[in-house]
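Encoded as structure tokens, here's the structure I'll be asking about.
Naming follows writing order (A, B and C), and every chain is counted from residue 1.
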């Protein structure tokens, strides 16, 4: 009995020491880890909307029409004087797990840009969606997310017809396109309500 | 339907050994005999499902509420190690034949990367409990499948003319590469 | 000093964990589709190996024999978690691209094997040299495989274009079967190398 008690004690001491040291490392790294997410988000937002000055959180205002695609975050992007667009951080299923994209929509209901934030698909295949060196249009150096810039939400979004798929990664291409379309449509819909309000205000104010 | 999709993807499309390079040590080491492979495959299935059933609740009901997610690696591997110990005791007492046959490979199940990977992915893929169990079973069946395939191939290869420079381990990897190419055909299964 | 240097060299060639001992394979093949992943993994593994070996060696007289495996696991898991946290904080891109393979360092057979066979029986200096030798041995093989796969499969090395512009990458090498193939060929080359070395050793002895 005494032998086992001693074993248990030694084990417990090592476990406690391990947990304690981990707690310390965690406490040190936690703020940085959380900051990294923010840094990535802000950097991506600035890439899509270079004239952005500040952002207003509108996360509860956008509703996803697809049960599998969740909107983690939505911001109204504001320029110097007026809003210039909406950005939605959307997550949905892709080949290797959840994929998280940042989709920017302009006031004209076109896509300002798409950034891949998180992607767990196969390296060399689906993961090329996030590879800055992989081009779906080699001559013009257009990447997979890059091809969506300037595309109107009313355009067709059929993969392999209107949207160029990544070689040998049809599932990834379709999944990401779906996320982009869902996010874009919701943002555009919400923008309708917002601009309807503001134009009603201006006419009402007159 | 989603559950079936998770299962099929785990067994065929994203096979744990052939597509994801996991559990290789046991794959190379324990496939010299088909019976051995089947035994190992079932042992791994058993441990993986139990490990999922244990780690999923621990993560969601203890680690997250208490803010202790940084202990995930530590807790998960200890749970797996303990489960393997329990399986060892049980086999030694009740099925001594199997215990003797498995020998050193029984404790080695603890270091089977596939099992730990499954417990981690249940969390990172944000699966529900049922989805996690289905995923665990799927991955294990995929492992069993890969093991049996290679064991069968090795049996055939004993009477085949293998070039001298490929004899031993190299031909096993090349055979695996070829099986893998065949499995890549399965990626059209899911839309 | 000479024996320390010998311990160090063992891990790099003669007892190279991947090529000679054939352990720690899973992570080796999975992360070698790109050179930066290979280097990252090599460094992460070496860190965990080094500190686990050091701690276990320092406490080897205190760790009771019958409970040694769980204690080894606790120590290795602790250092693996530290690497995971630090990478998430300061190298988030690399951490995301390596995914579950960073936590999987805890079941890397190299670490468990080395710690059981060497660190639990040796003192501080030899284990430092052993872990560094093994770590570098692991890393250079990883980079070699990754270089081959990335250059032929993607035309790049660590993300930098090295093949001429009109080179059509052979996608096969980045895919899993390609990884197995490359490793199979590397193992074959290695066996040939071992035989050559054994022959020259015998020739030296006779001379």
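Assorted remarks:
Convention: contacts are C-beta pairs under 8 Å (C-beta built on N, C-alpha and C of every residue); 3 or more make two chains touch, one makes a residue touch a chain.
Note that the coordinates shown come from a computational prediction; the quantities given were computed from them, not determined experimentally.
Relative to subunit B, the chain whose mean Cα position lies farthest away is A. Chain pair with the highest count of contacting C-beta pairs: B-C. Each chain gets a centre from the mean of its Cα atoms; for subunit A and subunit C, those two points are 34 Å apart.
Subunit A and subunit B have Cα centroids lying 32 Å from one another.
Averaging Cα coordinates per chain places subunit B and subunit C 22 Å apart. Residue positions 70, 74, 77-78, 81, 85, 175 of subunit C each touch two or more of the other chains. Touching two or more other chains at once are residues 18, 22, 25-26 of subunit A. The multi-chain contact residues of subunit B, meaning those touching 2 or more other chains, are 70-71, 74, 121, 124. If you check the complex, the residues on subunit A that touch subunit B are 18-19, 22-23, 25-26, 96-98, 171, 174. Per the touch definition, subunit A reaches subunit C in the complex via residues 6-7, 10-11, 14-15, 18, 21-22, 25-26, 29, 32-33, 36, 40, 118, 120, 122-125, 127, 133, 167-168. Those residues of subunit B lying in contact with subunit A across their complex are 14, 70-71, 74, 121, 124-126, 187, 190-191.
Those residues of subunit B that touch subunit C in the complex are listed here as 18-25, 28, 70-74, 77-78, 81, 107, 110-113, 116-117, 120-121, 124, 165-166, 168-174, 176-178, 180-181, 184. The touching residues of subunit C, when paired with subunit B in their complex, are 22-23, 25-27, 29-30, 69-70, 73-74, 77-78, 80-81, 84-85, 100, 103-104, 106-109, 112, 175-181, 183-185, 187-188, 191-192.
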